[in-house]
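Sharing a structure below in structure tokens format, with a few things to ask.
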Amino acid sequence: QSAELIAAAKAEGELTTIALPHDWCGYGALIEGFKSKYGLKVNELNPDAGSGDEIEAIKANKDNKGPQAPDVIDVGLSFGPSAKADGLIQPYKVATWDSIPDSAKDADGYWYGDYYGVLAFEVNADIVKDAPKDWADLLKPEFANAVALAGDPRASNQAIQAVYAAGLEGAADAKAAAEAGLKFFAELNKAGNFVPVIGKAASLAQGATPVIIRWDYNALADRDTLAGNPNVEVVVPKTGVVAGVYVQAISAYAPHPNAAKLWMEYLYSDEGQLGWLKGYCHPIRFNDLAKNGKIPQELLDKLPPAEAYANAKFPTLEEQGILKETITKGWDAAVGADVK
Amino acid sequence: MSFIDIRNLKKSFGPTTVVHDFSMAIEKGEFISFLGPSGCGKTTILRMIAGFETASGGEIRLAGADVTHLPPARRNVGMVFQAYALFPNMTVAENIAFGLKVAQKPQAEIKARVEEMLALIKLPQLADRYPYQMSGGQQQRVALARALAVRPQVLLLDEPLSALDAKIRVSLREDIRNLQRELGITTVFVTHDQEEALSISDRIVVMNEGRADQMGRPFEIYNYPQTRFVASFVGTLNLLKATVVDPSAGRLEIEGQGVIAEHGAEAHARGATCTVALRPEAVTIGEPGPGRNALSGLIEEVAFLGAIVRVRVRVGTAAISLDLFNDPTSPPPERGTAVTIAFDRDDLLVLKD
Amino acid sequence: MSFIDIRNLKKSFGPTTVVHDFSMAIEKGEFISFLGPSGCGKTTILRMIAGFETASGGEIRLAGADVTHLPPARRNVGMVFQAYALFPNMTVAENIAFGLKVAQKPQAEIKARVEEMLALIKLPQLADRYPYQMSGGQQQRVALARALAVRPQVLLLDEPLSALDAKIRVSLREDIRNLQRELGITTVFVTHDQEEALSISDRIVVMNEGRADQMGRPFEIYNYPQTRFVASFVGTLNLLKATVVDPSAGRLEIEGQGVIAEHGAEAHARGATCTVALRPEAVTIGEPGPGRNALSGLIEEVAFLGAIVRVRVRVGTAAISLDLFNDPTSPPPERGTAVTIAFDRDDLLVLKD
Amino acid sequence: MKESRFGSWLAIVLGASYFLIPLIGTFEFSLRMKRGEYSFEAYRVVFSDPNFQASFLFSTVMAVVTVVLGILLVVPTAYWVQLRLPKLRPLVEFVTLLPLVIPAIVIVFGYLRLYNSSSFLPLTNSSFGTNVLLACGYATLALPYMYRSVESGMRSIDVRTLTEAAESLGAGWPTILFRIILPNIRSALLSGAFLTFAIVIGEFTFASLLNRPAFGPYLQLVGANRAYEPAALAIIAFFVTWACMGLIQIVGRARGDSARR
Amino acid sequence: MTTTAAAAARRKTAGAMIGVTPFFLFAILFLLLPTGILIVGAFQDSQTGAFTLANFGDLLQPSILSAFRISIYVSATSALGGALLGFALAYAAVLGKLPGWIRPTLTTFSGVASQFAGVPLAFAFISTLGRLGLVTLLLRDLLGFNLYATGFNLLTFWGLTLTYLYFQIPLMVLVVTPALDGLRKEWREAAQILGASPLQYWRWVAGPILWPSVMGATLLLFANAFGAIATAYALTGSSLNIITILLYAQIRGDVLHNANLGFAIAVGMIAITAASNLLYIWLRARSERWLK
């Protein structure tokens, strides 16, 4: 990183982030690392925010230079292009730009993929002796009242992808997969296996949702947090492996544009990328790092086996649009409880 | 110019008009009583003077200034409410001190005044009670003390003594009167107690259905009522039908018995029917004599009222009440006794209408 | 056995005892009045009879049954509250009908009774008003009607007429009395108006600081008070210091002027000082004569009270009030006139203590 | 009398069960942080964080400020509406209900558009200004509760008569409001204060998006993806807030306690 | 009325207007203007920002309509239940002749509980009445009673309502206590002495007097539940189609994000609140003729 950028960022003195839960992809450690490395202050806005919030926060703070205006955002893939179209983000190409796969970045540098993971089963191994290995297993009677999503398929990208993943195997296209996924959940629900609660570490530990379908990195972080109480097993299903990519961008109205750029440099440096990996997220430069042997073995050992990722499906933007349309609209009919 | 000048005051609540065209002028330092039947508008007028009710018409002037539309707090008018309206969150002492505190009087003065007031209402030992801990009469006295404490220019008292027994009532009314004289507070006093109104007032306004029927000094009001309403409302007047036998001689007939009226008969035609009024205290049992009329009748009812014993005598279809002084040694005649009653000719009032 | 039997009733609010050891027996159909200064405990006793206040001691029996701890609704007692307590959400008619509705009387009967009651209180035109739309006196009458409408066995009236003018008050108290007689309702009536108590009651209880000082028929209470408190509270008694000159002859000296008392002097020693009582209505201006005492003095104050004119005469250091009947044609002597006053020997009451 | 007391006890006992059992459930879970035994480990973790105290203190101060602001806004309004402007009542009531149905996030984004550093009222320019904005936001959120409590309190006293009595003694409206009306609607004010206090202590969205170090964001930061700590925090927050209210109650009671009917 | 009297009345009103000015100023600055932005947004196209009514047209989608319906249903049920039970509790505490400490304990507790919502509340109920909840297990193990065999399920409409009651009841307690305090003891006494049973007293006297306050409080509860999101989201997140979840999905979510449609939904919610407010005003006007 250029000394110039560091100096300019230091002059700004602080960085404002939004929607970065500390348990998410190792963000807690990354933020700490950034702070101590560059001596900048980091304002963390609403860690609970969704991608929509992040976009709205930029809009709302267009004219605000105060600490309420986010400098950087980390949003679901589809939000990148739309934010660009709305002029809410500004282009910046980090030093390691070229090692980011083209499929995961905007050619002009407005947004760029940051990390990905696959949907996995997070299992409370104290309760579930025999962890499910594939989607079909979830339908077994032994998983009565056990399976939860980590979000609401009408609102959460993660949950939508989960539905998609459940129907992916053997589906002709995204729409078919989405429909199959809905059918799967309808069955799961009918079988009494589906628990319509938002699965969380607490409900997992308490036993209300012993199986949660969520990003593997969240599941793995949970496993560490819970530290064996209960024992958590993270299983990537045999089939229907879906990967989700989030993208990083700098607000067009960033009050601290240089700090934002520095943050991007930090995240996309080897150090930053490994930071995400420590949080069990596959950084976007994973292959580049792996190729260059920059990933410590003990980090690799903690990840699910690489072959689980081998046939991971990265839905395209277009496919995402179809999923969103089909699943958000179809969900209520599939599993929603109606009130007479 | 009068101190309080009320002109053509009107008040309607929706469709019902409760005060019609009320006018009166009150001099500085005067003590005026409003006397009138329940619901005739006394409280309403007081509330308009105080500023709590907006007049529907007319004008109120205080010390020369038109205050018809001034807010109450700026009229320097004190008021004691018919329903006490003590502040429930304050002790007796705090209630009394309130107006002084608002006026930012020095602490010492407030303390002294509160004590003085507590002594006046004879409740020094209750200074720290809350309203709910007191009897009705005690609350009423505190309300009075609270209004007096600020020594307003104008004091409006809405039946301030109604919950008190005769003894404390007489003593308080004298205290009010003295304080009022001493400080020159112009006072309007609403009461339903005639004796109170008659004994304490400079002038009395007798009200009837939202109008002033008569204003005047107590003696005038009592002895020379100008309307039938005043005559019957103030005191316990006997109103009797009489037939005019000889207008110029004042000869009348009541229930077939001849009487003579000193004045007033000449206004009526011979043979006409008229109403005559007779005060109970003017009538005696027995004691006829020259210049007096006598009627014979039957004692119908004897009511012991204390100093007075009220006897109702039936004369034909008419009932005549008369007052005797209580005398334990010679009790009044029993019910059913035939008696002759008598009264001076000039006590027989022939009414105009 | 009496209908209402109150034995050794006590009531304390925290540290202060407001009713001490109150006992009395009331016969069925009797009309009893409580008379006593403000704060003496009248309301408290009524509330204990009704069951709103728990007695701190003693017992209340109604029709033979111990009701000391029975809830109010099961005592079949009616009550008119000092502060009216009308239901603000109901019209006048609904208020009056309430007790009948509760008793599930037929609609037609309720309607008839309400109309009857409205006529009784002379407010038929206000049937549809809400309490806040009425004057104080009107509200009080409604409260009375509401209690009377259910025709309870026992009626407790806490100053039910205090907000009314003399005229309607007299007429209402007669109505109450008639209804009470007719229906045989046992009634306890609290009033601060002596005339009212004296005229309406079978018996009167004079209360003082939570105790019954004297119970008796009105005539007794008024004319033969047994304690100094009763003597001074009921009526406007003149209490004078006298020196006993000759006990057996009843010769006393008041302010250096000799008088004779028919009775009571013999209880005192020669040369002793005693208190004598003299009712204002027993005293006349002038009119000395055989069997009468005379004192000379100076007229100090003349108060016009309506039927009566109250004159205060100063005799040495003492002030003696006397009552004259109002007579417009011969007004009372002016202030400052020297007069001789006279009274019968047997009107001079020598008190014991 | 006996029966009615029995009914009351029954209501209280049933109510207490309904309210306490879920708390007990949460509490039980919060003790399970150490495998196979009950411990206060989760509490230790929570209490050992210095930010816990700091953020709770910040929120407490905000809560007190908000309570005062809320009272100043609502009491005069409810008073005049009751006394003189009954026609405005529907409007005021509707306005006070709005914060319940408008998502907080919409309101706070609205604030950021209106009071940002380049607006006519650049409240977000300084942390003091932002605190002011936050307090206003909280007062807005508390408006429905505060207004309804105060309104039902005012309805229960004779506002008109008390006002007239005070006016006739020369009191101006501030005196009437603060010396007469306020003390007589104490229980209503306490209700409103409690509600406001609890809202502010737990509020997350406003504080977070305005970037203030409040307790709500702290809870979120610590708790979001943990299992046992959020339970412990919930219990702690619940009881600490309760204790604070007890304190408010005592302070509120100190004056004029005996004036109860 | 003469002109001067009318002028005076106007002036009095104007004086009072000044008194309510701070409130309206505040409401405009911190509530209405920010909300106004939202309302404007509801009329804008999400892409172009041009004026459109399409967002409102979108409200007519069956899923959104049914979400409105379910939200109203949940809110109304929990408001009525909360009002009833909260009133009973408040009554017991204020008028139930209970020991003095009960009331302050209850009101302070209610203060906290009324705002206890969202994830912690959902979790508390799951730990209590979920399939592995404390009570569920106790019933099963001690009494051999299988709660879930009765068809009970926490994660349904009734479960949500039961959970909502946790904050609705205390809210009712707090809002209605002052009104209960205002019941004068003379009214009760007067009713008693006229022979009324407690029930009759409540039916004819206390009930009608409290009715406006109770209705107002119930409306507050309704709006409170109507606008609630966190609890429902955490508890029955993906199974119950309530309107706030849809609204949040549009303005906050990771997927949908059509803020303008979200705003239109919010405007719809405001309209429903306004309608319930109107209903309340109408009901109250009918029951309050006796008030000044």
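Letters A, B, C, D and E mark the chains in the order given here, with residues in each chain numbered from 1 onward.
One rule holds in what follows: a residue touches a chain if its C-beta (ideal position, glycine included) is under 8 Å from a C-beta of that chain, and two chains touch if they have at least 3 such contacts.
The chain lineup, named per UniProt: B, C = Spermidine/putrescine import ATP-binding protein PotA; D, E = Putative spermidine/putrescine transport system permease protein.
Since this is a predicted model, take the numbers as computed values, not measurements.
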Quick one: which chains contact chain A and chain D both?
E
Out of B-D and A-E, which chain pair has the most contact pairs?
A-E
Report the inter-chain centroid distance for chain A and chain E in whole angstrom, where each centroid is the mean of the CA atoms.
36
How big is the gap, in whole Å, between where the Cα atoms of chain D centre and where those of chain E centre?
16
Where the centres are mean C-alpha positions, what is the separation of chain C from chain E, in Å?
56
For chain A and chain C, let me know how many angstrom lie between their CA-based centres, rounded off.
90
Can you list every residue of chain B that touches 2 or more other chains, as numbers and ranges?
71, 83
Chain A: which residues touch two or more other chains?
49, 53, 56, 200, 202, 206
Among all residues of chain D, those touching at least two other chains are 1, 29, 105, 108-110, 113, 157, 230-231, 261
Per the contact definition, I'd like the list of chain D residues that touch chain B in the complex.
157-158, 161-162, 164-172, 175, 179-180, 183-184, 186, 256, 258-259, 261
For a test of understanding, state which residues of chain B touch chain C in their complex under the given definition.
13, 35-39, 42-43, 82-83, 133-138, 140-141, 159, 162-170, 192-195, 198-199, 218-219, 222-224, 232-236, 279-282, 303-308, 310, 323, 325-329, 344, 346-347
Which chain E residues qualify as touching chain D in the complex?
12-13, 15-17, 19-20, 22-23, 26-27, 29-38, 85, 88-89, 91-93, 96-98, 102, 104, 106-116, 119-121, 123-125, 127-129, 133-135, 165-166, 169-171, 174-179, 181-183, 185, 198, 212-213, 216-217, 219-220, 223-224, 226-227, 229, 244, 247-248, 251-252, 263, 266, 269-270, 272-274, 277-278, 280-281, 292
Which part of chain E faces chain A closely enough to touch in the complex?
63, 66, 69-70, 73-74, 119, 122-123, 126-127, 130-133, 155-157, 233-241, 245-246, 248-257, 259
If we count contacts the way the header does, which residues on chain A are in touch with chain E in the complex?
49-53, 55-56, 75-76, 78-79, 82, 145, 149, 151-160, 195-198, 200, 202-203, 206-208, 324, 328-329, 331-332, 335-339
